[in-house]
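Presented sequentially are two complexes of chain A, the first with chain B as partner and the second with chain C.
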Partner chain A sequence: MIKFLFKGVIRDSHRSRFPIIIVIIGVLLTVLGSCWLKGVMGDMVDFNARYYTGHVKVVTRAFAENLDQMPLDLALVDIASLKQELSGLAPDMQWISRIRFGGLLDVPDAKGETRAQGPVMGLAVDFSPESGEVSRLNIAKSLVAGRLPLNQDEALISHELAGKMALEPGDVVTLIGSTMYGGLTMTNYRFAGTVRFGIHAMDRGAVIVRLEDARMALDMDDAATAILGYFGGGRYSETRAQNLSDRFNASLAGEKDEFSPQMMPLSRQDGLHEWIEYAGSMSGMLVTLFVLVMSLVLWNAGLLGGLRRYGEVGVRLAIGEHKGHIYRSMIGESVLIGLMGSLLGTLAGLAAAWPLERYGIDMGFAMQNTTMMIPTVFRARITPEAYYIGFFPGLFSTVLGTSLSGIGIYKRQTAQLFKELET
Partner chain B sequence: MQNNTIVQLDGVVKRFPVGRGQFTALKDINLKFKAGEFSGLVGPSGSGKTTLLNIIGSLDGPSEGHARVLDRAVENLSHREAAELRNYHIGFIFQTYNLLPVYTVFENVEFPLLLQKMEKSKREKAVMDALEWLGLTDKVNSRPAQLSGGECQRVAIARAMVKRPEILLADEPTANLDSANSHHILKAMVRLNRDLKTTFIFATHDAKVIKYLRRKIVLEDGSVTKDEKKEPRSKS
Partner chain C sequence: MKNPIWFLLAGSLCALPAQGQTPSGREILDRIDKNMASETRIVQSSMIVHGRRGSRTIESKTWAQGTDRSFTEYLSPARERGTKMLKLEDQLWMYSPSTDRTIQISGHMLRQSVMGSDLSYEDMMENPELADDYEARVSGSETIDGRDCWVVDMTGVVGDLAYPLRKVWVDKSRWVPLKEELFARSGKLLKKIELSDIRQIEGRWFPMRMRFKDVLKTGEGTEFIVDSIAFDVEIPEVTFTKAMLRR
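Right, the complex of A and B next:
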């Protein structure tokens, strides 16, 4: 019987073409949308982790309460022993120190007078090969001009800022700020190169210096604003991060000191938690939306198609098929149509997502003012989910659409259906 | 039911709701059909032929009275029981053939047997027998759209008789056919009636059909006005 239905669906292009096309379109959009969301959200999480939050981040309790102000005076101290403790707790993770600080960049002219000045965000990075920071922050590949800072007091400046201040590699600039203890500090940096990360928040005005230079300048020997922890494979795991943080924080639960360290998983920082949940619910909403829209369309298509098929239903009743069987066979047909459409739609969706994964779309123009850690090039990401997610709206909508439109078979009197034969 | 009565109608009335009132399509019909009859309901358009055929075929129940078909009371049958009765015991032939257009000749004829869940080898033999009977063996894989009207109606007859039903109901089977094809079809049905003892009940106003009938029941305005038996026209 299934074979019989299958032949009918395949041969009757009127019956199957329109629903299949609808399903293909809906499934394609679902698959593409979910790949897109996964990609953008995944990149966002990934970028945040690399540049800002780590997979987990250790700061002082007091610092945690003022995260966005980057208060140097609340920085972590005794970094070396703390790192040792962390490595003991999670030996497979990489623990690195960073210092973030605010400052004023002053560009002197030939006479030593101020030619240009502007606020900058400083980031002190461990350039040693063991830290993996150069590749984690993608610094080498982001270099637009010049080279990496190799010598003492060399710095990188975001390309945009360098352009604005008319700086060339080799120029000397002064960074004015305050030390960890509140004193004024002025350090001259020779500027080694310009970088463009493709993240608006970084590209607007970042100065990257070597960790050891910043420690000297900011009076932060054996201190850092944060220690970031990264999992071995480079992939974020919410449960692991949460577990680790719970364990670490529990071990220090007795401490009263506001300078005692505290660990936060990526998701607990900067509202990322909401973003991750939002991405999850967006996928769900997308599927629900397509189920609804497609069901409506298919319901109506089914009603129209059903009219065309009253004759057929009439004969089948006359031949001795009962209504339930006819109804079920129509549902069976819709499952076949749903499966075929979902399969084709998924293939089409994957085919459409592929170039988006590879090349992405540059959305930089839309993010001129954002401070979020979002890459400017948005990419899709094809996850295993993409291979099956389209089958939910695809199958559900065909079956629902047919179930609704097929109710007419029950509502009408047998003889009435049969009457349609004569006209 | 005594001796070989296969259909018995007692005081059958059929009313249809029309607007706010009701229209009485059949008024107090009392008829008996015996196994092996070759009979027809004859009468002008709107006289109630199709309505009566539908009740005999258990597609519709009477508003009043009793219709017994093969020892079952049509008015008491559930949907499922009525479908079962049609599936195993009653064949329908229509004016407009009503073949399933997407299926081949073979598949159309096979369909009733698929519903019966007959096993494959038996099914294929039965289908080929029926097609042979109606001279369609060279059209096995054709689609209805590729057939002439006469051929379509022969496929429809094959589909109706493939399950060897006791009763075949034919509603204006020749209305869309020319006279050569009409005779061809009628001869096939006469042969079925003779060789398989299938009971035939026609609904028709076609003189060509009427000539073949051995019993003519005249319906007028929902009532039987004449019920006459004829001797077989020829003994071929």
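Right, the complex of A and C next:
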């Protein structure tokens, strides 16, 4: 039966060409849209995790209330013992200290007077190989000029900022800011190299220094603005992050001190929860929308086909074929068309998604003022889901369209058939 | 009268408007300036910054000449010791011994807090003579800490003022502000200042203790305590030069 129907679909191109084209286009768009959304949202989550939020983040309660202001005076203290406690709670995770701070970068002229000055966002990073920070933050690959900071008071500066301030590796700059206790701090850094991360918020004016140097300059001995936790394997798990945070926070529920630590999963930071939910719902909406639109189109195609095949159905009914059999065979044909269209559409969608995954689209021009950790190059991501997601709308809409248009078969009156066929 | 100093003041009060008579805004500003401003002054002070993590005391010594020139050296704590600031007209430089750099503070940096306090560099750049920059209008009379005060609304008459609008409660008999509220042009309250421990020094009334509160900042505010002050003393010209920063 299937073979028979398959031959019919192949040989009678008038019957199958238009529905297959519609299904291919719909499935292509579904697969491409899904890959694009997964890529963009996934990159956002991944970038935020790597650069800012961790998979979980531990800060003081007071800091958590003012997260967007990065208040240095509300930083965590007794980091060493806190990290030990965290390692006991989740031994398979990596716990990293980071310090983020704001400041003013001052570039001297030959006489030591101010030649250029500008606000910067400082990030203090543990450059030791055990921390894995150099690879997590992609620092080595982001180096445009110079080298990593190896010695005391050496710094990396964003390539864009270095260009604006006419800095060359080896130059000495002064970073002016506030210590954790509000005091003034001025520190000279030797500029080791420039970096370009492809994240506008960082490329606009980031200065990266060694954690131990920042601790000295900012009066933050055994302190950090945050401890970031990363799951082994680097994959974020919302359930695990939430459970871990709940357990940790419950153990400190009795604490009244505003400087006691608090753990937040990635999704509870900077509106990322909304982004993750938005990505999931957008993907579902996209598939539903295509199912609906394609069903309408294929219903219409089915009606047109039904009109064209009016005679054929009439003859089949006249020679004694049951209405149910005809209806079922048409549904069978639509399943075959749906499968063929979905297969071809998926292949076309994957082919279209591949260059977007490989090269992406540079949206840096639209992010001149953004402070979010968003990559400037948006990329699609071909996930295992992309290989089957198109089959849902492809099959469902074809079958639904045929089912709706095929109802007409049951309205045909056998007594009228010969009269109809004569005309 | 609780304060015996009133009796000493009785003579000088004869020259002032009678209690029932409302002086003009301009007259009040001139009287304030006579108390607060001087040709030169040398001030040793302690600034207590009450932050969320505790309090810090920063000691400093300032040499000032007129409204345009001042030189400050921080004496303690150890991290800040040796840091110097020089104000020459509308320019401000800072020197830190740890970097051996002299840095000009300008642009948005002027709005930053000085040593984590509720005072900004912009506050330090302000012209202390109010009559030069503001138009004043007496809007009422209130009592602050048991003292009768004129309530004076001030509106800036020059551009680029850190606080284009101010409200000042001025002691009716000593002509010293006891309370100030500083506003943005939009009318948003930015800072509150309470002035107390008013002492008569060299014939003028001067507040020895001020409490600044940046209402946009958390914390308990900053106390500024004048440990010693000398008016109209001779200060060598070289004090107000950039060379002094490194010395």
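In this section, the second predicted complex is superposed on the first by the 414 of 423 C-alpha atoms of A that agree within 3 Å, B and C clash if a C-alpha of one lies under 4 Å from a C-alpha of the other, contacts with A are read in each partner's own complex, and residues count from 1 in each chain.
As a working rule, a residue touches a chain if its C-beta (ideal position, glycine included) is under 8 Å from a C-beta of that chain, and two chains touch if they have at least 3 such contacts.
All figures in this text were calculated on a predicted structure; none of them were measured in a lab.
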Combined model on chain A: chain C and chain B, fit or clash: fit
Superposed model, angle subtended at chain A by chain C and chain B (C-alpha, nearest 10 degrees): 150
First, second, both or neither for A:A140, with chain B first and chain C second: neither
Contacts of A:M285 with chain B and chain C, given as first, second, both or neither: neither
Which of chain B and chain C A:A166 touches, first, second, both or neither: neither
First (chain B), second (chain C), both or neither touched by A:G183: second
First (chain B), second (chain C), both or neither touched by A:A62: second
First (chain B), second (chain C), both or neither touched by A:L317: first
Touched partner set for A:D12, first chain B, second chain C, both or neither: first
After superposition on chain A, the shortest CA separation from chain B to chain C (Å): 79
Chain A - residues contacting chain C, complex: 62, 73-74, 104, 106, 108, 112-114, 117, 119, 174, 176, 178-188, 219, 258-259
Residues of chain B that touch chain A when the two form their complex: 50, 54, 57, 59-60, 79-80, 82-88, 90, 92, 94-96, 98, 100-103, 107, 111-112, 114-115, 159
Partner chain B, residues of chain A touching it in the complex: 1, 4, 7-8, 11-12, 15, 311-312, 314-325, 413-415, 418, 421-422
Chain C - residues contacting chain A, complex: 49, 51-54, 56, 58, 77, 79-80, 83, 94, 96, 98-104, 106-109, 112-117
